[in-house]
Amino acid sequence: MDVSIILILLLAGTLVTLFSGKAAGKVALAFGLLALGASVALLTKFNAHQNIGCLGVWMENPQIYFALNGDGLSLAMVLLTTSLLPIIMYSTFGSEVKNPSSFYALILFMGFAMVGTFLAADGFLYYIFWELALIPIYFIALNWGNGDAKERQKAVVKFFIYTFAGSLFMLASFAYLYTKAGNFLIGNLSALSLSADEQFWIFLGFFAAYAIKIPLIPFHTWQAAVYQKAPTAGTMLLSGIMLKMGLYSVLRWQLPIAPYAAKTFMTIFIVFGIAGTIYGSIVALRQKDLKKLLAYSSLAHVGLIAAGAYTLTVDGLRGAVLQMISHGFVIVGLFFAAEVIFRRYQTREISEMGGIRVQAPKFTSMFMILVLASVALPSTFNFVGEFTVLYGLSSINIWFPILGGLTIILGAYYMLKMFQNVMLGEANPKPFADITFQEGLTMGVIIAVLFFFGLYPKPIVDMITPSIEQILSYTHKL
Amino acid sequence: MNTLLAITGIGVLCLLFEIANLRKAIVPFTVVALLGTLGITLSDYGTVHSHYNNMIVTNNFSVSFSALFIVLTIFLVALSGDFYRKTEAKISDFVSIKIFLLAGAVAMVSFGNLSMFFLGIEVLSISLYILAASQRLNIRSNEAGMKYFLMGSFASGIILFGICLIYGAMGTFDIQEISELTGSAELPEWFFIGIVLLTIGMLFKIAAVPFHFWAPDVYEGSPTLTTAVMSTLTKVVAMAAFYKLLTGMNANISYEYEMVIMVVSIASMTVGNIMALRQTNAKRMLAFSGISHAGFMLMTLLNITSSAGTLLYYASAYALAGIAAFAVILYVCRDKENEDIYNFNGLGKTRPVLAAVLTAALLSMAGIPIFAGFFAKFALFSQTIKAGYLVMVIAAVINSIISVGYYFKLILAMYTKDSTEEATKVPVVFYAVGVLSILINIAIGLYPSFVINLIK
Amino acid sequence: MDTAYILLLLLAPFAGFLFNVFFGKKAGHNGAGYIATFAVFVSFLVTLFYFIRINQTGQAVSVKLFDWIQISTFKLSFGVLLDQLSLLWLMFVTGIGSLIHLYSISYMHDDENRHKFFAYLNLFVFFMITLVVGSNLLVMFIGWEGVGLCSYLLIGFWYKNQDYNDAAKKAFIMNRIGDLGFLIGMFLLGHLFTTLDYADMKITIEGGTNAANTGWIAAAALALFIGACGKSAQIPLYTWLPDAMAGPTPVSALIHAATMVTSGIFMITRLNFLFGLDNVDMHTVNLVIAVVGAVTALVAATIGLVQNDIKKVLAYSTVSQLGLMFLALGLGAYEVAVFHVITHAFFKACLFLGSGSVIHAMHGEQDMRNMGGLKKWMSVTYITFLISSLAISGIPPFSGFFSKDEILMTAFHSNTVLWAIASLASIMTAFYMFRLLYLTFFKEFRGTDEQKHHLHESPALITFPLIVLAILATVGGFISLPGNSWLNNYLAPVIAHKGHGEHHLDNTAYMLMAIAVVGGLIGIGIAYAKYIKKSEVPPADAEMTGFHKLLYNKYYVDEIYESLFVKPINALSTFFRDTLETALSGLVYGFGKVTNAISDKGRLVQNGSIGRYLFAFTLGVVAIITYLFYNKIA
Amino acid sequence: MGNVLNQIGIENYIFLCVILFSIGVFGVLYRRNAIIVFMSIEIMLNAVNLLFVAFSTYHQDAQGQVFVFFSMAVAAAEVAVGLAIVVSIFRNLGSIDIDNLKNLKG
């Protein structure tokens, strides 16, 4: 058994779900759980130091392999995906979904593409999965989204074209690399000795794709609008997993292939990331729409993660991965909280909320915990990530963590302000039923994960560290 | 050779069927017969034959492309049955003209002599003139026919002039001999002028900027099935013939010549894509999209010695996607006055399968993975980078981005707008053609080496 | 065995928290309160056990529970260190904590969310214990932020009032500013020492390392001090503490007087081996600490002079006293600072609880202008309040006298300016405390008849802690008598000794004591003259003028911060949201718009005329031919 | 024949044909009547045919002349189709001015 089993499960799930009519949600969830089970099984194999990667020839000319990574970094990201997928699907059970078979099939397909992106060890395969992930989210956002149809279309199409545009530059980079190396295997690509100029252009090509996907400012303009317009499940997929595709790719592809460029321009890109952190935090302060606010908070967080990734230090990279995973969970939880409110109030305008705490203490507590995790309270998973990232940044220049650390101040500011305006105050005249079991379970699971790894991140750290050292070994050889 | 004979035979038989009053059987017969021909063609794969004093030379290049043309024709003929249901009396004419057109097409990739090439291109063109103007009472069809005819024969004149100058320089029409002569000694200036004139003629046929003006008008005005022929089959044929001409005659491509190709290529991509953005008519939009794809395909000429496989792949990907798209367009605009995009509104709900087919086709054209269009683009990019034309690739990348804009207009219409009318029953042939061509598209998208390696 | 006890110490309050979160509501009317009190008391017992043991053996206990965060060069584990310092702190955290829990049972009697209150209190104690017992800075940081969180939750406990929520938010954010400093400090130390363990760092420093002599270590110290400023409400991060009085009074007593706000002092004392380093940069840092402490003491005291809200006065008094402690820290007199922390915990907790008792009796009224004459009804509260006021004013033999005197003495020996400032602050303290006492308990009652009707002494659950704390406030000073200090000896193993030492009881010392006492009496005297003799009552808000108004409005610091930081950030946010985001977004859309516009124009070229098409065709031919053959033909 | 051609020089034939061809082109460009445009195209084709014959003689090679037959046949077929289209346009529009054909544009 190797990692391809997850891909197979998810793809099979997509097809089965597509033809399962009304029961689609449950079928999809079952497949999601199966995939999770498979990834956990693979984890045990991995921990037993068995090879779970996969290498097969896809075609001879051009030489393309069906190669999948079986290392800790990929596995960690796959675990993130396969554990979030069931949560996301389960979270939708509380509300009516029209045309469920297509909806859940698309979600599973999206999972398939994202898992593929995290696993692929062949650049070509990777690019295919990378692009493939765009299609389902495009339709999910378009067909199941909310708000004015015209606006939504505009936002979603912009998102698609924008991200597609970015990735085409990556494709060009890959095409160039292919002419150099003769195939796309990550190992061979990283082993190429490219001149400084070549590295610079390739780095830039990758950067175009990743900066838009992650997104880094000023390439982020698609984000808030799409998050707002997409259905919550779509937003969760986007923010929880898809953003991490870009960040993961920085680690997996950009740094090892163009280490010299990464080293030379390190400061610029770290500044990009940190600027995004501060900018996102400031913009989030005065958002009127709950989902948009969370979108900007995402922008702030991924900026910091990216900055960590570009430090080229073990701490920065490790922190980035930890933060990716923790952010994935917490942002899904937060968007779900927004959805819980939406189910009751049919609005996402913060000004129309307030005074919910009186009526829904359980929900308040869970929401509070998620908010706190998002501002990286120690003992939550996010703190572990943020601390490590900031530590990594501090080894480059002490001003980086000071500026990047502003996020812990501004983050607290906008999140608590939001929490205050949404939840606290005099009782809201509109009734607010406390969370159902389904909703409680969804949030409970996320919270449990956040606390567990917040106190005991060692399993993940041990899993990803060898991969990170491997990646950094390419940058050290210079 | 056998292919050509068989095809011509089928064409003649079609006409005979009319006499024998077997109209209903024409389409099925033709499809089956063409499948047989496909078999015959493929049986020649791997061998090199020449016939009639090198008039016809078959090799892997010609076999592969012929096979592609036949496949495309099968799809097009299959769609004819429904398309000509109102003028069934003339169906044998329409089908046989398509078959003859195919004969011309096959001749254009298997010629061994410039006269054969000229005959092939004229057979193809004249058939198309007829098809374009075939709706006699429709002024738009007439106009399309007229425009195509006038400009086409103008281009024919230029091609003929080009052939003439080549002949004047070489004293022979035989490709093989010309190829040998180009390698030796000094060549008269005429030869190069001849090559350039031929090039211009072929650029016209593939509708490259600035010789593209006819394409949108003709595509729009022609009966939709004819548009399908033009946008899929003809474009691919012309490109293959162009490629074969340049390689066959071993014309030393100079730097200046490459510059011309580059400029034309970039201009085609850009003009095609930008003009397509604001079109409201689906056929017209696809015409511009075809212009931009012609620009992409021209990039293969920059690395001419080794890009045959890429060209075949790109052509297959493009044409198959085109067939799938046109199968849907044909259904949607069956009884409509025009092919405006609003006709597609709500197709995602009323006809999910067809909508999916069209979506897939458009995604393939846009170059999104797992569809063949993606790999085609990729192969093109990497080949062009290898040849050292980074600028071209960047231009192509930017154009790919623009192209998504208008492809998605159709997709948006299908999925986000509501249909205004009741869905009519869909003849199964639309499903069959659409789904089949998309499946082939995906299949070669997943296993590109199968197609690319056909020509080495 | 130790592990089990330590887990009990740590987890008892946490268990109480969990219990109250999930079952508190069902646990009967006072169930939650008793459970919570019991949980903290358990911790207290464990602490007591260790405290007694360490007094006998002098052996610190260090336990590593599990590995936590890994940094490239070192691992940070979740470790516990029980030494003299942490046990001392635990003693009053859990001890006073238990008392305040007990007090709260009665105080929060009528609140519908009692169980939450006790849950939060328990959680606070849990985090406070974590802060104190951690064996490295990062564990301390868990507690550090955790107590901040509980502070946030408890300040905003009455969440229906958005002003209270604002106060809570403000507290959290200002603490976070400090926390960033703390983090930066940790990073710098991490790079310097490749560890954050106190013991390891201490060994490295004592072993003499180059790291100790770089400017970086001073920078780290400064960063950590910023963290301390946030938590312990020093200039410039002190403004949250007065606002934090929005929380229920027991919270103010426990968190904002006795325990949490002293975390900064704890941290610096913990790192005394670092802050006490003898190099130029570190001297500068210490001077900064001392000056900040002294100035804070004075500024807060001046503001406290005129406040009318009974809790606000106490809050500024707390800030002021904390300033004195930092003064001591900055001067290197760590044990003196610790001493004052302890005595302050006693009398300030007592004062807060007393004010709570008053507020309880007044049904939520906090404005002293509406009180008066309460000693008639509330004798126990009055007496305990009086004792504590005497203690804080530095009147012998109450505890405050000893600790404050130590600080003043230390200051006098290092820097007379600082001494003068501190003395002035002390005099003011005496004045405003007695102003508070007189306004509240003396003269006639100034409230409504309705309130008067309900006035009563608080129940035993409230008075018992008051009495205990008053006793402690009286005798607490004896743990460190000048010349014979039990405390100094006790702390000797954890505080690296240098220069200062104990002050001998020479003439200077006696003189200083006299000055301090006389100063205190002067303060009391002025208050007496003003409020008893002249029966003055502070004017209504609108009637205040001049300097009085400036002080009453706290030098407008909040307003200055608002317009310097909060408003610009919000304006920036609005600008980003409305302008920049739209512009950036428009830029991307702009590409689309431009291409669309070109497309629209381009369509005009395609005008349908065959003539034009053919012309273009010919032009193309001519152009290509000319380009290719121009040279050859010409 | 060869002598004559050699006396005149092949270049002159080429110039003649180029001129003829250009006349055809100009005719196509300037005339608006469909029939006259056809005729202009025929002039172009025939100019080329002439050149074919000239080259055929120049090379002493019959292929060129054979090619002329091909091209004449093709031209005939073309004209047949073209005229049919013209007729049908005339029926629909009552005019064969190519400037009237501007329905398809944009």
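Order of writing sets the chain letters: A, B, C and D. Residues in each chain are counted from 1.
We take it that a contact is a pair of C-beta atoms (placed from the backbone, for glycine too) under 8 Å apart; a residue touches a chain by one contact, two chains touch by 3 or more.
Just so we're on the same page, UniProt names per chain: A = NADH-quinone oxidoreductase subunit M; B = NADH-quinone oxidoreductase subunit N; C = NADH-quinone oxidoreductase subunit L; D = NADH-quinone oxidoreductase subunit K.
Please read these numbers as outputs of a predicted model, since none were measured by experiment.
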Any chance you could check whether A-C or A-B wins on number of contacting C-beta pairs?
A-C
By mean Cα position, the chain sitting nearest the middle
A
Quick one: report the Å distance separating chain A from chain C, using the average Cα coordinate of each chain.
36
Measuring from the mean C-alpha position of chain A to the mean C-alpha position of chain B, what distance in angstrom results?
42
Distance between chain centroids, defined by C-alpha means - chain C, chain D (Å):
98
In whole angstrom, what separates the CA-based centres of chain A and chain D?
66
Where chain C touches two or more other chains, by residue
592, 603, 606, 608, 610, 614
Listed in rising order, chain B residues that touch 2 or more other chains are 146-147, 150, 154, 216-217, 405
So chain D residues touching two or more other chains come to 25, 28, 98, 101, 103-106
Among the chains present, which pairs are found to touch?
A-B, A-C, B-C, B-D, C-D
Footprint of chain C on chain B - complex, ascending
146-147, 150-151, 154-155, 158, 189, 192-193, 196-197, 199-200, 204, 210-211, 213-214, 216-217, 254, 256-257, 259-260, 271, 274-278, 402, 405
Could you please specify the touching residues of chain B with respect to chain A in the complex?
348, 363, 366-370, 374, 377-379, 381-382, 385-386, 390, 393-394, 397, 400-401, 404-405, 408, 412, 415-416, 447-450, 452-453
What residues of chain A sit close enough to touch chain C in their complex?
158, 161-162, 218, 220-222, 224-225, 279, 282-287, 313-315, 318, 355, 357-358, 361, 365, 372, 377-379, 384, 387-388, 390-391, 394-395, 398, 401-402, 405-406, 408-410, 412-413, 416-417, 420, 423-427, 455-458, 461, 465
Chain C residues touching chain A - in the complex, by the definition given at the top
21, 66-72, 78, 116, 138, 141-142, 144-146, 149, 152, 156, 159-160, 162, 165-166, 169, 172-173, 176-177, 179-180, 183-184, 187-188, 190-191, 219, 569-570, 572-574, 576-577, 581, 584-585, 587-589, 592
Contacts from chain B onto chain D in the complex sit at residues 115, 118-119, 122, 126, 129-130, 133, 136-137, 139-140, 142-147, 149-150, 153-154, 156-157, 160-161, 163-165, 167-168, 171-173, 190, 216-218, 220-221, 279, 284
